[in-house]
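Some structures are shown below for you to check.
The two complexes that follow have chain A in common; it is paired with chain B in the first and with chain C in the second.
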Partner chain A sequence: MTPHKLPLRNLLRRPGRTAALTVLVVFLALSLFAGSVIVMSLNSGLGSLENRLGADLIVVPATARGKVDPEKIWLQGTTGYYYMSASKLEEIRGMQGVAQASAQVYLASLRADCCSMPIQVIGFDPETDFTIRPWIGERLKADLGPLEVVVGSRVSAGVNETIRIYGESCLVIARLAPTGTGLDTAVYCTMDTMAALLQAARDLNHELKIDGDPARVVSAIYVKAVPGEADRLETAIRQTRNPKVTVIRARTVTSDVERSLGGVAHTITVLIVCVWILALILLTAAFLLLGGERRREFAALRALGMSRGGLAGIALKEALLVSLFGGLIGIGLALLFLLPFSGLIESALGLPFLQPGWQTMLILAAGTLLAVCAAGSMASVFSARRLSRVDISTIMREGA
Partner chain B sequence: MELIASGLTRRFLRHSGESNAFEAVRPADLTLRSGEMTVLTGRSGSGKTTLLTMLAGLLRPSGGSVTLDSRDLYRLSDAELSGLRAKHFAVIPQGASAISSLTVMENILFPTALAGKKPPVSEAEALMERLGILNLRNVMPGELSGGELRRMAVTRALAGSPDFVFADEPTADLDDGNTVLVLTLLREAAQNGASVFVVTHEKDAAAYADRLLHMDAGNLTNV
Partner chain C sequence: MKKRDIAFGLIVGILGLVLAVGAQTFARPCVHADGSAAVCATVKTWLTVEGGLIAVLSGLSMIRPNAVTQGIAAAGGLLAALTPGLLIPICKSDMMACQRVTRPTALVIGILVGIVSLWWLALTLTAKRREARS
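Entry: the complex of A and B
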């Protein structure tokens, strides 16, 4: 038995006291780690949404809002569809101030015999697309062939499996990196595949409200404006007719999200600060109260030849061990809550939610451990100081 | 080795009563030598424990000095003094002094571990055997009686063969047989070269002493 093992022995010998102190540290670690991960996930989700929208203007048919808000498709994974003539794409491409324009076609599959699952299917043009291709390119180097699809990270179909959409079997050839947005629940294919799927849906008497050739419709047109031209271009596009369109500023979508995110982040920060203040006060009081009960024992150690520094070291090491242990439990509990329920958190908040990778999680966990160890040590400083100056007469006189 | 106390005094302040300050120990001169057992007697409150505590390096005197091999204990830093105490001194306090998270054997060996010495396991076992507590070696202090705790404290003080043993009422809580045994062990420690300083009310202790001192109202006298 060496003196440096004494702090651990003291903690193990008094499980009730150790557990009470540990619980307080668990609250510190849980609130800090979970709060940080949630705020970071929201920020990552916002960044990811900005990348995925990737355009200055998104043009949808004026009738779209009456069916499903396009923002809900992008943010919350709601399924929906609406169409306008593909000639609108050519019209917009010809407008002054347009740097790039590319169309997407939406189709919602059903929970029915014809389909494996209800999902949003998004068709894009690999030749002109500038939002989906960079994302797919992270996972798939080859081109998409007929009836081949890539799936979002939250679609329950693996690579080389097939999913049935309106009776057509589509081969999954890649799974995309998560974005934390509604786009993770969608399936992506080329315009040719989409045309085939639209035709199949029609053949099954699914009401799509498409006049004419399904290969000649689009649902949304993504427009990148020449720098400084976005405002003028937005006005110009709004004034076009046949059909009338709604122009959505991508920045408006992200600003709305950013505003909501700011509110949530502020609330979480306030909660973390409140929990920390309360827990630190309780922890300091607990160390002081429990230290008071141990004056006799510390006086005995002093009588046996231990220095004041040695006594303070024991008190601080005990606090450090409790902090380390409580910190690990707190982080573990936070992970148990965050990892399986990130989808629930996302839908409860209604905001993009992209959890950081394991490297970032490790760094956050290490930071949280450092913070709780520092807090635990600080909370025990007063107690350690008092115990290191314990009056030796406590044990030199019987019954003192 | 010699521990020399010169003009040692200790004044305390009381927060109530007619006189605020009182002298627990009036100027005292004393030398503790190796191989000698000194017994100090006196009425309760006469300043015996205060004198012992100052000699053991645990209470800073109001005046005077305590020197060990020309080193004034109270001019040393806390770390130096603590190191010196751990290396050369052993204290048997009057009150309970067990470390509750350690077993009896671990308690006994703890001071030597603190001093960085080799644990004197066989010496400790021999002393425990003589004091009748060997069977308690793995028991926690909370399960011991007052007499067993006292015998544990005696074993702890003597096991590391310290140069100086300061024992404050070492036979309190003990029956006659164990009282004789503890005094005999302290006497043997002195014969083996230690300087033993015992504060006691035990009348029979005088028979074991090389030198008998008495204290009355803070004044130290040779008997």
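Entry: the complex of A and C
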């Protein structure tokens, strides 16, 4: 047997010892990789939310928060609806400091046939919209026709399938890219389609609390202010009456999310650091203890003519092999849990969660593997140093 | 009974039990608000049967290591991973419990059972080959 094969043979000969060391390394890799992916997903989710809200101010009826918090619709995909007269849009458009304003209409389906629970339907005006259209434009070049819808990435109706909402068959013509927010669970249509759906809901005796024509109501008005005018405009809109409105600053929504995200990211980082410190101490201690047990084995190798460097090399190679194997298992386990459970993690955190693409995952995995191998090698350095300096005569005499 | 078989048997058995119990409790499929069964309702029965089968097979193989039972346990794991969504339809929306919990649970446990059982099977076959040689 060549000395090159010795480290692997040593590891295979003692499966219990190897398994114990591997478990420690698995914890190192699992915590680092999973923690990094979660923190990165939360950051991507926040960036995506900022892009998707895309407005300075969002105006909703003052009664909206009593029914369902609009932020829950955007962040968690909670369904809800509330209405005010469409004349409010014209009123706001006429205000000084408004660069762009566009309305959206919300409707919660009862139970669409794609899903066994309500889904949020969002109607927008393609002529004036500046928040949904750029996002839809990534996947759909043509205009949306009557009873045609675009679905969020988490509504599992395929393109060219139809989904029935309040008895109306709507054709899915595109699926949107994921955003990691509640907007992924919604269905998007034009105002004409929305008016037809509102009428269909009324015909089925669904209580929407709309007075008059369903085509003349809006749920939220997205406003982009002229630079530097947002504060003044917010005050001006708040003072309007008939109906009274609530003005939500998009920046406030993202700041709140940013604050929560900071807390979660901090907790995860502290946990990763704790796991690493503990595992590194345990790993170093384990290598030292095992080194003590293996002094006779290394003394015999030295007596057979192996150099000190060769002995240290064996110990380091063993540590590197264990780190590589444990690192791969840890990354594999992290992926096995993170990929399928991403939806559950998102709903548990209640924050936008957008997992990075496979290229980023690959880079993170490579980085984790490098870090784990470096940590494993470092942990074995003391043991390797001690083993390379074994005094053959003393050890042989001890054993006699 | 070898220590190795006890360890592998316990791991596979516990995973099978978690699947069987999980399908009835924390990872059960959706129920409509009106109490009626959702599309995914039958997944619960299938996962319970598969999980139970995996647990029984691992127990048998722990007492008397057998490549056939270990092979069936591995196949059972892969079958469980494919049951929700591929073999039995589940709700289409990602917001549903069957999509968020039942399917990932079956997938993770199924893959783990498959990998561990195949590893166990490989060790059993290697040991048998060694015995035959000697």
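Operating definition for what follows: the second predicted complex is superposed on the first by the 388 of 400 C-alpha atoms of A that agree within 3 Å, B and C clash if a C-alpha of one lies under 4 Å from a C-alpha of the other, contacts with A are read in each partner's own complex, and residues count from 1 in each chain.
Note that in this section a contact is a pair of C-beta atoms (placed from the backbone, for glycine too) under 8 Å apart; a residue touches a chain by one contact, two chains touch by 3 or more.
In this text, all values refer to a predicted model and were calculated from it rather than measured experimentally.
Peer 1: Could you say whether A:Ser393 touches chain B, chain C, both of them, or neither, answering first, second, both or neither?
Peer 2: After superposition on chain A, A:Ser393 lies in contact with chain B alone.
Peer 1: Considering only the touch criterion stated at the top, classify A:Ser307 as touching first (chain B), second (chain C), both, or neither.
Peer 2: After superposition on chain A, A:Ser307 lies in contact with chain B alone.
Peer 1: More residues of chain A in touch with chain C or with chain B?
Peer 2: B
Peer 1: Per the contact definition in the header, classify A:Leu12: touching chain B only (first), chain C only (second), both, or neither.
Peer 2: first
Peer 1: Answer with first, second, both or neither: which of chain B and chain C does A:Ile331 touch in the superposed model?
Peer 2: The answer is neither, since A:Ile331 touches no partner chain.
Peer 1: Which partner does A:Gly343 contact after superposing on A: first (chain B), second (chain C), both, neither?
Peer 2: second
Peer 1: Does the superposition put A:Arg296 against chain B (first), chain C (second), both, or neither?
Peer 2: first
Peer 1: Check the residue A:Leu261 against both partner chains and state whether it touches chain B (first), chain C (second), both, or neither.
Peer 2: neither
Peer 1: Tell me which partner A:Val245 touches in the superposition: chain B (first), chain C (second), both or neither.
Peer 2: Neither: A:Val245 stays clear of chain B and chain C.
Peer 1: Between chain B (first) and chain C (second), which does A:Ser156 come into contact with in this model arrangement: first, second, both, or neither?
Peer 2: second
Peer 1: Please give the residue numbers of chain C that touch chain A in the complex, ascending.
Peer 2: 30, 32, 38-39, 91-96, 99-101, 103-104, 107-108, 111-112
Peer 1: Which positions of chain A touch chain B when the two form their complex?
Peer 2: So the residues of chain A touching chain B come out as 1-3, 6, 9-10, 12-14, 296-297, 299-310, 392-400.
Peer 1: Considering only the defined contacts, which chain B positions touch chain A in the complex?
Peer 2: Against chain A, chain B makes touches at 49, 52-53, 56, 58-59, 78-79, 81-83, 85-87, 89, 91, 93-102, 106, 109-111, 113-115, 140, 156, 168-169, 172.
Peer 1: Please name which positions on chain A make contact with chain C in the complex.
Peer 2: Interface residues on chain A, with respect to chain C: 77, 111, 114-117, 119, 153-157, 184-185, 336-337, 340-341, 343-344, 347.
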